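Just below sit the structures, each encoded as structure tokens.
Shared between the two complexes below is chain A, which has chain B as its partner in the first and chain C in the second.
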Partner chain A sequence: MEWFDNFWAVYSNLVLTLGTNALLALSIYLTLSCGMLAMANAAFMGIGAYTSALVTMNLGLPYPVALAAGMAAPGLMAFIIGKPTLRLSGVYLAMATLAFGEVVRIVVLNAESLTGGALGLNGIPQSTEWWHVGLALLLTVAVLWRLRRSRVGRAFEAIKEDETAAGLMGIDVGAHKMLAFVLGAMIAGLAGTLNAHLTFFIGPNEYGFDRGVDILTMAILGGINSLFGPILGGIMLTVLPELLRGFKDFRLVVNGFILVLIVLFLPKGIWDPARFRQWFSRSSRKGAAA
Partner chain B sequence: MSKAASISLEMQSVSRHFGGLKVLQDVNLAIPQGGIFGLIGPNGAGKTTVFNLITGLLPPTSGTIRFNGQDLAGRKPHQITRLGLGRTFQNIRLFKEMSLLQNVMVGMHAHLGYGAFGLLASSGLFRSEERRARERARELLSWVKLDHKAHETADNLSYGEQRKLELARALATEPKLLLLDEPVAGMNSSEKTELMHEIQNISARGYTIFMIEHDMRFVMGLCQEIAVLNFGRIIAQGGPEAIRTNPQVIEAYLGREDDEPVSAAAQGEQA
Partner chain C sequence: MLEQQLFNALSLGCVYALFALGFTLIFGVLGVINLSHGAVFMVGAYAAVEAMTLLHLPLWAGLLFSFVFCGVLGLLIDVLVLKPLRARNAPHLIPMIATIGVAIILNNGVQGIFGAQNVRFPSSAVSDDAITLAGLHLTSVELGIILLSFALMAVLIVALKKTQLGRALRAIAESPKAAYLLGINVEGLFYLTSFAAAGLGGVAGVLIGLYSNAVFPLMGQPILHKGIAVIILGGMGDIRGAMLGGLFLGFAEVLSVAYIGSTMRDAVAFGLLFLVLLVRPKGLFGTLQERKV
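After this line comes the complex of A and B, so read on.
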């Protein structure tokens, strides 16, 4: 097992980042699956990270309490800003949520006494074990899986396809959008909490626009027509830069190029069950003809 | 009052204006419980607006709408649906990327008896309710003879089949009154005849139906009572025979031979 110990010593951070990134991709998948382009997930991650870090560092409370706070705070925040913003649709919702993210970043930057300002928070206890991340991912997937196959999941999909028709099917459109938004925020907060207690340090710029775009890219790249898609996207976007280390200075160029190609040729994401079904039925038809 | 009890939907002096455009003016309608009621009228008469007001997509400018005695003012579309009003659309609005079965199951949303707890914790209740929903959805699909396509995507259906799926989906909301907005628009005559039978079957199962239709023969063949809407006003109401011979209705559909100043003014107002 020596090789494993070596591997773990070098890559443990990367492996655990896979988990938190998968969680982030799932968090935005929830709002996307309900037809909303909400870009506040990086901010929710930040709120979760800061809240939980302050709970463990300043209040000295145990890690489970920090986890709960790291999910509750962004959830509550989502509920508050969701009230006015979720009436917006399309790019307008994206703009409003992006603006919110920027507000969060600036508040964190200026509330120096609490958040350390631009210097960030140092010395967060590294309480996150590998199995915490694994369990968090597993539970999130289990909940989302159940949700997807329930009337709530069907309602999300119906809202995504035609909001008016969904309402006339007896679906409370506003409440379901709010549910997706708040749940997404809580998952992002969970990822933020796990991540903060993994990295020892957090700063305000980790949760800005770049991160928001990264999160969206993971979900879109993987495909949002299944739960596996966002996870796959999260894994790819984490691993790809590492695999491309051989390109040295051109690493990010190649990275971007690959992403462009995927979006160009697989617009519905890498993992697209509908396309797989099509392939399958085509090959089985060929088989039947032969 | 036995009369009040037998009224399903009642519109009392309902008006709807869009800016200066008076789309509906002082509309009074009483849809009796049971049977098929038709609303006809030339293009642009305001028929779909009537449905949009009833289902809560638009608020009326004035007037009241009551459904089974309950005032619908201020209620959201999903609340009105839950009172027992189902509808289809003139320009089909299916959930195109979902399967037929899923489309119909969406309609059952408010009738599945598991809350958040049942969803996350209780497998038994969740499974049995979902199974019930699936079986009911299959049954409704069989009513419109689409059960053999239950797992296909709604997008793959022919035009006539899409209309029938909309019907099944509306039935899934368990409506006491079913609003059909031009159910045979764009269908060929054999599809029309088929749908006519299906609507008769649905009516025979005890659903009250209120339909907007353009096709006179279709309406005359199906409806027990018909109201005629022209330029936002109800100009006639009665049985098919009375409507067919009503001079005002004939004028609205065919125009009048001698151009009286009154009708010229009415034309000018619309133009």
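After this line comes the complex of A and C, so read on.
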């Protein structure tokens, strides 16, 4: 097991980041599956990270309390801003949520006495074990899986397909959207909490515009027609820059090219069950003909 | 003192408007939120710096070079990335994600070639004499930005309103399919729009590079974020709106720095955007198409 110890010593952070990024991709998948392009997940992640870090550092409370607080705070925030923002749709919702994210970042930047301002928070206890991340991911997937198959999940799908029609069928569109938004915020907060207690340090700029766009890219690239797609996208976007280290200064250029190529050739995401079905049915038809 | 602040706000607002013109043009005609516009803007600044340093071109030639260079770059992005996605009827978020990839390529490519440090325009490029007019300090760059952005806006508005080309573009903005059935060369106009919008982005890059005297690989990102705020404030895809939104943001920022303090300057843009969207979902000057059942 010596090779494993070596591997773990070098790459444990990367492996655990895979887990938190997969969680983030799932958090935006949830709102997308309800037909909302909400891009405040980076901000919710930041709110979770800061809340939980302050709970463990300033209040000295145990880690489970921090986890709960790190999920509750963004959930509450989502509930508060959800009422006015979720009336918006499409690009306008995306922009309002992105703008909210920037406001959060700048408030964090300016609330120096509490958040350390631009210097961030240093010395967060490294309480996150590998199995915390694994368990969090597993539980999230289980909950979302169950949700997809439930009445609520079918309502999400109906809203995504056609909001007006869903409303006419008697689905409470506002409440379902709010549920998706708040749950998504809580998952993002969970990812932020796990991540903050992994990296020792957090700063406001980690949760800005670019992170928000990154999270969306992971989900879209992986494919948002199934639960596995966003996870795959999160893993891809985390591992890819590491694999490309050989390209030195130009590794992100190659990274960008790969992104564009994936989008061009697999516009529905890497993991697209419909395409797989098509492949299988085609091959089976061929088999029948032969 | 207030007059000077207002003048600064005017030039800052024109800076934002200049960037937003191309950005909103692409959205209006192609329906794509082009997140590579910030990177194209940066490439424009670099193109002019290199042309003016290596070939000793004067500023006007640098601007022209940058316009053509970025125009061709925009055309390439359209032909290689956006056109195949149009042909495949990709879902509406997909082109935006593709342009993120393009922005990553451009930003990091330029950083790989020229390094992350600041480059500057040759010092002889513009005279830095300030003109004093009625107690106001105006630099030639600021005057140039203000005049050029208003001129470009006027040209674009007249072109869109009064010419056959403009009517065709507006028809495409309404519905590409219907425009095609009317015999409009939709693909050709998409190319033209990509070329012009990217060229405008390049020119904006040069002017803003001169204005802040700093050209660096990530210079496009902050202005991209502001640009998004501007075109939402102004109403998406609306040329006049881009101008008004830019000016509005410029005034809001400068006045908030003057009266609230500089730390919250960036919060102003996005705080305003957030509030405006809550009160007027279609933006300050835009109109929203309500879906009819």
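Methods note: the second predicted complex is superposed on the first by the 290 of 290 C-alpha atoms of A that agree within 3 Å, B and C clash if a C-alpha of one lies under 4 Å from a C-alpha of the other, contacts with A are read in each partner's own complex, and residues count from 1 in each chain.
Please note the rule applied: a residue touches a chain if its C-beta (ideal position, glycine included) is under 8 Å from a C-beta of that chain, and two chains touch if they have at least 3 such contacts.
In this text, all values refer to a predicted model and were calculated from it rather than measured experimentally.
Superposition model on chain A: chain B and chain C are shown accommodated side by side without a clash. Of the two partner chains, chain C is the only one touched by A:Ile106; chain B is not. Using the contact criterion defined above for the overlaid structures, shared-chain residue A:Leu221 touches chain C, although it does not reach chain B. Of the two partner chains, chain B is the only one touched by A:Gly170; chain C is not.
Residue contacts after overlaying the shared chain place A:Leu114 against neither chain B nor chain C. By the document's definition of touching, of the two partners only chain C reaches A:Ala96; chain B does not. Once the two complexes are overlaid on the shared chain, A:Leu243 sits clear of chain B and of chain C alike.
Of the two partner chains, chain C is the only one touched by A:Gly256; chain B is not.
Residue contacts after overlaying the shared chain place A:Leu59 against neither chain B nor chain C. Taking chain A as the reference, the larger set of touched residues comes from C, when chain B and chain C are compared. In the overlay built on the shared chain, the residue A:Thr85 is in contact with chain C alone; chain B does not reach it.
Remark: least CA distance from chain B to chain C after fitting both complexes onto chain A is 8 Å.
Shared interface residues of chain A (contacting chain B in one complex, chain C in the other): 164, 168. Considering their complex, residues 55, 57, 76-78, 81-82, 86-87, 89, 93-98, 102, 105-112, 114, 119-120, 126, 130, 133, 169, 172-173 of chain B touch chain A. Residues 143, 146-147, 149-152, 154-155, 157-158, 161-162, 164-173, 274 of chain A touch chain B in their complex.
Chain C makes touch with chain A in their complex at residues 33, 35, 81, 84-85, 88, 90-91, 93-94, 97-98, 100-109, 111-112, 221, 225, 228-229, 232, 236, 263-264, 266-267, 269-271, 273-274, 277-278, 281-282, 291, 293. Of all the residues in chain A, the ones that touch chain C in their complex are 37, 84-85, 87-88, 91-92, 95-96, 98-100, 102-103, 106-107, 109-110, 164, 168, 209-210, 213, 216-217, 220-221, 249-253, 255-260, 263-264, 267-268.
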